[in-house]
Amino acid sequence: MSIETITLLTVFLPIIGSLTIPAAGLLSKPLRSLWSVLLAAATAILPLTLIPFALTGGELVIRKDLFLGLDFILVVDPLSVFMAIVSSAVGCMIVIYSIGYIHHDENQNEYYLMVLLFIGSMMGLVFSANLVFMYLFWEIIAICCWRLIGFYRLRDFVRKADKAFLVTFFGAVVMLLGFIQIYGQTHSFDLTQMRGTLIPGSAVLLILFGLFSKSATVPLHTWLPDAGVAPTTVTALLHAAVLVKIGVYAYARLFLATFQIPPLWQQIIPIMAVVSSLVAAGAAAVENDFKRLLAYSTISQIGYIFLGFAVANEAGISGSLRFILMHGLAKAGLFLCAGIVIHATHTKDIREMGGLIKTMPLTAVSFLFCAFSVIGIPPFGGFFSKFLVIMGTVKAGQVWLAAVALFTAVLTMYYLLKAFSLVFLGEAKKPAPEKTVSMVTVVTVLAVASILAGIFVAYPMKLVNIATTQISWWYR
Amino acid sequence: MVFLFVAVPLVVAGVLPLLGKLSKRVLPDILSNLTFLFLLVYAATAGRQIIAGGPVSQQILWFGEPVQILLGLDGLALFMLMAIALVSLCAGIFSIDYMEHYGAKANYYALFLIMVAGMNGLVLAKDLFQVYLFLEVAAVASYALVAYGLGYEELEAAFKYLLLSVVASAFVLIGVTVLFGLTGSLGFEAVGRGLQELPAGPMAALCAALFVAGFGLKAALIPFHAWLPDAHPSAPAPISAMLSGLLIKVSGIYALTRIFFSVFGLTSLLSNLLMGLGVISAVVAALLALGQKDIKRMLAYSSISQVGYIVLGIGLGTPLGILGGLFHLFNHALAKGLLFLTSGSVQMATGTRNLDEMGGLAKRMPWTAATNLVGSLSIAGVPPLGGFWSKLVIIMALVQAGRWPYAVIAVLASVLTLWYYLLIQRKAFFGKIEERWKDIREAPFWMTAATVILALLCIGVGIFFAAVLKSWVQPAADVLAQGVTAVIPRGR
Amino acid sequence: MSPNLLLAPILLPAALAVFFFLVPKRVRLVREILSVAGSLVLLYLAFALFEVKTLGLKIAWLGMGIDFDLRLFHFSSFILLGLAGFLFLISLYSTVKMKDNPRVREYYAYVFLSAALANGAVLSNNFVPLVFFWEGLLLTLYGLITIGGKEANRTAVKAFIISGFCDFAMILGIGLLWSITGTLTLSEISVKPEGLAAASFILMMIGAIGKAGAMPFHTWIPDAAIDAPVTFMAFMPAAFEKLLGIYLLARITLDLFQLEARTTMSIVLMSIGALTIVLAVLMALIQKDLKKLLSFHAVSQVGYMILGIGTGIPIGIAGGIFHMINHAMYKCGLFLSAGSVEHRAGTTELKKLGGLAREMPLTAAGFTVCALAISGVWPLNGFVSKEMVFRGALETGYKVFAVAAWVGAIFTFASFLKAGHSVFFGARSQDVPKVKESPSPLVIPILILALLCITFGVYNKLPLNEFIQPILAGHVEAGAHLDFTAHALSLLNPVAGISILCLIIALGLHLHGWNRAGKKAFLASEPIHNLPVLHNLYNLSEARFFDLYEQGVKFLIGLSTVLSRAVDRPIDYFFEKVVTAVGVKLTSLFQKAHNGQYANYLAWCLAGLLAIVGIVSLVVK
Amino acid sequence: MTSTWVPYLIVAAGLLFAGIYCLLAMRNLIKLFIGVEIISKAVSLIIVATGFAKKNILVAQSLAVTFIVVEVSLVATALAIIINIYRHTKSLDIRKLSRLKG
Amino acid sequence: MSVQILLLIGLVLFSVAAVLLKDLIKAAICLAAASLVLGILFFRMGAPYAGAFEISVVAGLITVLFMLTIALTKTGGDVAESKLARVAFPLFFILFLAVDVIVTKNLVQKIVALPAAPEAGAFGEVLWKQRTLDLVGQVCIIFAGVLAVLALFRKRSKDNDD
């Protein structure tokens, strides 16, 4: 298959396939599940075949001209391939995992439909090189999230789903305004043709609304902790691992790989990222709801990713790219551990838990491993990403920001270890066994993946480095 | 033959009450829906051929005598005819099951057809007075249709609607007459030419003001909107769909646009006036919709808000703005029609329109819920549905013209829009099903079919937006855009 | 020799660690044999590498000048040797001491993993692998402490966070250094600690002394002494972390930055050293638990090393480094003795112990030698290294630091007199039943260490000439003499005189206290404990008032609460309440206007018309 | 032409005012509709007067005739609605027609 | 001209009376009278057909419809009108007329209208040949009116009163 076919398949196979799921569901449930897994697996495998192409550092543009410059353009380059691999792989895991997790609940057809549509749109977003189509996939993802957050249909849950949808929609339309401003300036939505364009600060601000709302960055972040009412699979893998990465990906795609932004904003954005990181870490430290704590932690870590991209040097960018991968693995693991614990103890309050390490050792260890990765302790994968981000920040001359970021890391250490101690150590208040083998297996796999990603860090590095070089075109 | 667009529904409407004696239900159903289908097919095939070589005005023979039935078909008119035919076909299909319990189906369809005939006539008219006349035809039919349920609220709504509409019609007619007095003619081109020759500033401006008010009332622009949230919810659901989806656009926006672009020429004053009204409508009505408990009333306010968008786009007057406005008109017609139809399904199943009493209906009414979701998201401007593209084009046009404040407000209003549509979703469909609705049933086949068709159209327009824009909307927008350049702007 | 051999000190213990982790608990023999044998192999390897002296290995890693770069040279091979030696002793000791621990699998895994990481850190010639290994030690630190028991968790978190903080500081320092020099290879860096580089120096120094356990980053060590297994104490804070921390500190001051005597940075270092010596030893003095007492000494002695290295004068630096290796030996020996006592007597509380020397003669002998060594009694190794530090401090001209060091010496000896007296000598305590000498795997390491203490003291030429001098060789201007051994054991000079005077004062203090307390040795420090102002300070300190960690955590919680209440919640409130309320308010306002009255609606229309006419007539004249 | 047009326009405006005043201030449904009728009078007066002043009376006359037909339809519909309302409420008060609001 | 003015004044007076009269029947009769006057005006302005229509249809048919409605809604149909509105009306009316006169004169005198297109033929010809579509519209609206009345007075299959 040609690169072009593979890319188109990667995007449209899950999207169109997702629409067939309800039909499959009418036939038989196992068939539907199997079909979903097949689709997800295909979506995960397809971008892997693009790696050789990506490693050459090449760029391929697929274009279908439509109307008014609203053309359908896909671009295959190391950055998009990297992001596609990370998100489709995680997406594939969610689908496999869901089969066991979700099979007691109602509305499974919708669940699988939305998850696959999500994955497909993510692929679309990743490969899109047209601002409007980026926005289009962006919003489809928002719809999927909305349905998935409100999956349990309880009134309050749906309200929170609405909140998430509205806040992200608000951010996104404001971002769209920014896109249109750029259009007004360049008469084009085509990213491949705008490389190197200096965009005005107001456009940057408008676009940041979208990025920050989607990536749950202060001050547009509060929907993310609230979105914890979704099924754990959704919070874990969609929110922690894929969804919130959209904003940072878009940041890399727009502000690094394509546009030049005014120097003032190059100063401001790192500050915003660090503030977000710090505030969220603070909120996490006082939070007692397990899932909310982890959600705040996600927000905090996203701040690092933004920071790395925002300082815009080689170390920062490659650190952030790696952060996307490492945080995806580790945070997904944390959420799934939380899911197991909550499932077993029927409470979300970490003060009511305790001593679970005795009854669920694997979960506890996996949690600890993932927590170490998030904190950034070697040899876990998270270390390299955080380290490089900090290095990049210092190298960019932002020593104080790096200091605050490191302070945030101390805070991260504090609250994650606190959570671990409260939940798994101490007196057993609500002893509960690890029941489900499949769930424990997945968290173990994620924990092991976190540590392997650290020890064998050189392997993803190759693609990341090529992507970094490709992004930082202004170095050339 | 262009005249068929008026004549066919008129003739069928005349025949129906007579045939209604033969067959109370089946025959009116079949006959009227065939008529709508004919109109659709005819517009899509013959209509396109007719205007292939440019806009035409057809004179026809009347019993062998050459008489003046002057109808003009151009891109814009064809575009409107398509929209009318599409929505009325779906509303007609929906009526098959829905109107069962209202009784007197033949009568109902006849009024429906008259309304369609009136709208078609209005779209095709090339004469100011005939615009007024067909506007009244559609209006009279709509009064009766709003009151069709004969309940207290239906009658109240119809009466207020009538009394406000009459005033509006009077304004319009006075304007028409004054223009007639100034230029000595009634045809669009003639009056347009006449106005160019005349230094008749104040009087023409007064006419323009009267038209804004009169057609503004028909289009339900704020502050002329107050009848709409009463009238549209009170009508039977397919009629609500027709009124919100079409009537306000044809007798309000279309007429206004046609007259302003082809007769007056869009001056900067008119442009600003329209945009101001549009933006106020978009925001205030969205806020009003937010507080509604009655699902149809919320939809009605939403119509006002969306009309505001359309007027904002068209009023901007740039080719892109017109394109966006017209496209939004089309998308809104589809989506709002769809939403009113689904609200009818819900009302029929649950017997209530109060959102607070509903809950989790998606469980029992999956098709209705899904199609309603499609409509909601389309109007809210969530991609990849049609509404997104039209709003996008409008905002693009606003930004391109440097109208930043309008663009920002338009964007924020779309957030408000999504807000209240999410309220509908949450309160009616997306949630745990209430105990009392455990036994309700999904809407009957034809109703579901109509909603599904419209939902598919919403999605289809979103996905094939480029084709729709290029082949249908662009020719329509071109007509108006040429109008803008042809007439020298006056005033300041 | 193949450069790949450099990977062996890292991979071998790492592989063993994985193996130990996987081997079931029941397979005791295999584990113990393998651990001792493995550490012996490692020791052999370290010797072999020590002979090789220089070796380099560079593997491309992350790009951007971040390579997996290992470099063997004299200093690192020396530390490698030390690490391997301690690992061997601890493994041997652990075979008995840890055999019944329920988490023995993890224990061995952590110990060997620590060895792997420490070896890696020592060998790294690039900051990124250095930090990788260095910070990795946090894991084993955390794991080893939690093995201790129920309350250990809190301490583990504390240790983790404190060390983590120091490591992050170091990372920041490395970042600064990178942006200054543009390289991450240690051997290519040499800058003056001025301006930004000074900040970098201080940050990296924090990382180094934090690992070594200097004040104020020491507070987890006394806690760990109570909670964690004693082998851990002997292994990590006493030996490994000192070696690593001081190794890095020496690298920083010698290689990476050109620290010169009598500069600000030098004074900063010396001040930290001096303060650590005095404050920690004062705390040590009043402790009533042997392990805790030892742990405060572990802190206090770091002060000497920092002071020595901070002088920036060859003899001081050499003294610091020599003190490091000496300290590792005797402190390890002391902890192991404490462990031996604990093994038999079941407690390390001074009050409950007494007169054990007769029943545990070998342990007592080992303890005594090590205690004398740490107190700096002639002719043990402690005397030699301390003399060198005193000399270095005096040579800087800032005599106050030397004075502080001497004060430290007084209390060190006083506290060890107290400790030794109350555990091994004096009246036989009634709280402890009759005990036997510990088994040989416990005793042998102690005796080896005691023997080494004597050897390094009496025959100080071996370490000073073989180990220490080459480290400094490249860093001193030509012509400067580097013979530290000449006067090493000389008593006939003022410095040695003052030292001996200090010991005599200490003896006096002890006897005074012992008499005052009614011949109860464990209360011998009470006179000092009860000094007016000091008493209050002691109380505050016992209440962890001076514990930066406790205060820091309070600060963290406070800050978090502020951030959450003042930033996060208001933002959420804005979205949840303000936006909604504004929406509802506006909506209800508009809704009220729609009162259903026809005339009202008509009036709006007319008003609208009039407004439009007005606007039009204003514009069109 | 203007001089012939003016008095009719003035009177028509007066009638329009009277009709709208009636719509605004009166409460009886039938009275309101009388107001509508007065407005219609005004409009048809303007139409014919314009034709008269413009010497275009034939077209104006045809317009007026059409308008009268429209008027009849409207009146019929409106009165039918009024009678229906009366059946519901037994009252002709417009103020009672305010169930729909908000 | 003076007759014309008189007729106009009569038109206004009857209309005002129709607004002000309390009794609905009298008001309706006044309305009919106004239509009559208007019809005469039309006739005098050269629009005899329109005049005839006005008199027969508006003054006749519509008045009948009014009467019928009034008769059907007789009981309880009395609505207390606001006295203030009735009293204030003449005041407002005169005020408006004054403004009206000034504004209209100013407005109209400023403008120059285009010369009329010469008209030819008879009324019937104009209506039938030039404005045929109006006739179609008339048919439509008559249909609409008839159907509306039929719909509103139909037998309700289900009593959805509330």
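By letter and in written order, the chains are A, B, C, D and E; residue numbering begins at 1 in each of them.
Keep in mind that, in the parts below, contacts are C-beta pairs under 8 Å (C-beta built on N, C-alpha and C of every residue); 3 or more make two chains touch, one makes a residue touch a chain.
Bear in mind the structure is a predicted one, so any value in this text is a computation, not a measurement.
Colleague: Show which chains lie in contact with subunit A and also with subunit D.
Modeller: B, C
Colleague: Using the contact definition stated above, find the chains touching both subunit B and subunit E.
Modeller: D
Colleague: Point out which chain occupies the most central position, where each centre is the mean of Cα atoms.
Modeller: Smallest centre-to-centre distance to the global C-alpha mean: chain A.
Colleague: Counting only C-beta pairs in contact, which chains form the busiest pair?
Modeller: Greatest number of C-beta pairs in contact occurs for D-E.
Colleague: Among the chains, which one keeps its Cα centre farthest from the Cα centre of subunit C?
Modeller: It is E whose centre lies farthest from that of subunit C.
Colleague: Approximately how many whole Å separate the CA-defined centres of subunit A and subunit E?
Modeller: 70
Colleague: Would you mind pulling out the distance in Å between where the CA atoms of subunit D average out and where those of subunit E do?
Modeller: 5
Colleague: Approximately how many whole Å separate the CA-defined centres of subunit B and subunit C?
Modeller: Going by mean C-alpha positions, subunit B sits 78 Å from subunit C.
Colleague: Between subunit A and subunit C, what's the gap in Å when you average each chain's C-alpha atoms?
Modeller: 37
Colleague: Please set out, as single numbers or ranges, the residues of subunit C touching at least two other chains.
Modeller: 591, 594, 596, 598, 602, in rising order.
Colleague: Mind pulling the residue numbers of subunit E that touch at least two other chains?
Modeller: Subunit E, residues with two or more chain partners: 108, 111, 113, 116-117, 130-131, 134, 137-138, 141, 144-145, 148, 152, 161.
Colleague: Which chain pairs here would you call touching?
Modeller: In this structure, the chains touch in these pairs: A-B, A-C, B-C, B-D, B-E, C-D, D-E.
Colleague: Quick check on the complex: what are the subunit A residues that touch subunit B?
Modeller: For subunit A paired with subunit B, touching residues are 66-68, 70, 106, 132, 135-137, 139-140, 142-143, 146-147, 150, 153-155, 158-159, 161-162, 165-166, 169-170, 173-174, 176-177, 180-181, 183-184.
Colleague: Okay, in this complex, where on subunit B does subunit C touch?
Modeller: 160, 163-164, 167-168, 171, 201-202, 205-206, 208-210, 212-213, 216-217, 223-224, 226-227, 229-230, 269, 273, 284, 287-288, 290-291, 416, 419, 491-492
Colleague: Using the touch definition from the top, list the residues of subunit A that touch subunit C in their complex.
Modeller: Interface residues on subunit A, with respect to subunit C: 163, 167, 218-219, 221-223, 278-287, 296, 314-315, 318, 372, 375, 377-379, 383-384, 387-388, 390-391, 393-395, 397, 399, 402-403, 406-407, 409-411, 413-415, 417-418, 421, 425-426, 457-458, 461, 465.
Colleague: Can you list the subunit D residues touching subunit E in their complex?
Modeller: Subunit D reaches subunit E through residues 1-2, 5-11, 13-15, 17-19, 21-22, 25-28, 30-31, 33-35, 37-38, 40-41, 44-45, 48-49, 51-52, 54-66, 68-77, 79-84, 86, 88, 90-93.
Colleague: Spell out the part of subunit D that touches subunit B in their complex, as residue ranges.
Modeller: Within the complex, subunit D contacts subunit B at residues 1, 5, 16, 20, 23, 29, 32, 36, 39-40, 42-43, 46-47, 50, 53-54, 56, 59-60, 63, 66-67, 70, 73-74, 77-78, 81-82, 84-85, 88-89, 97-100, 102.
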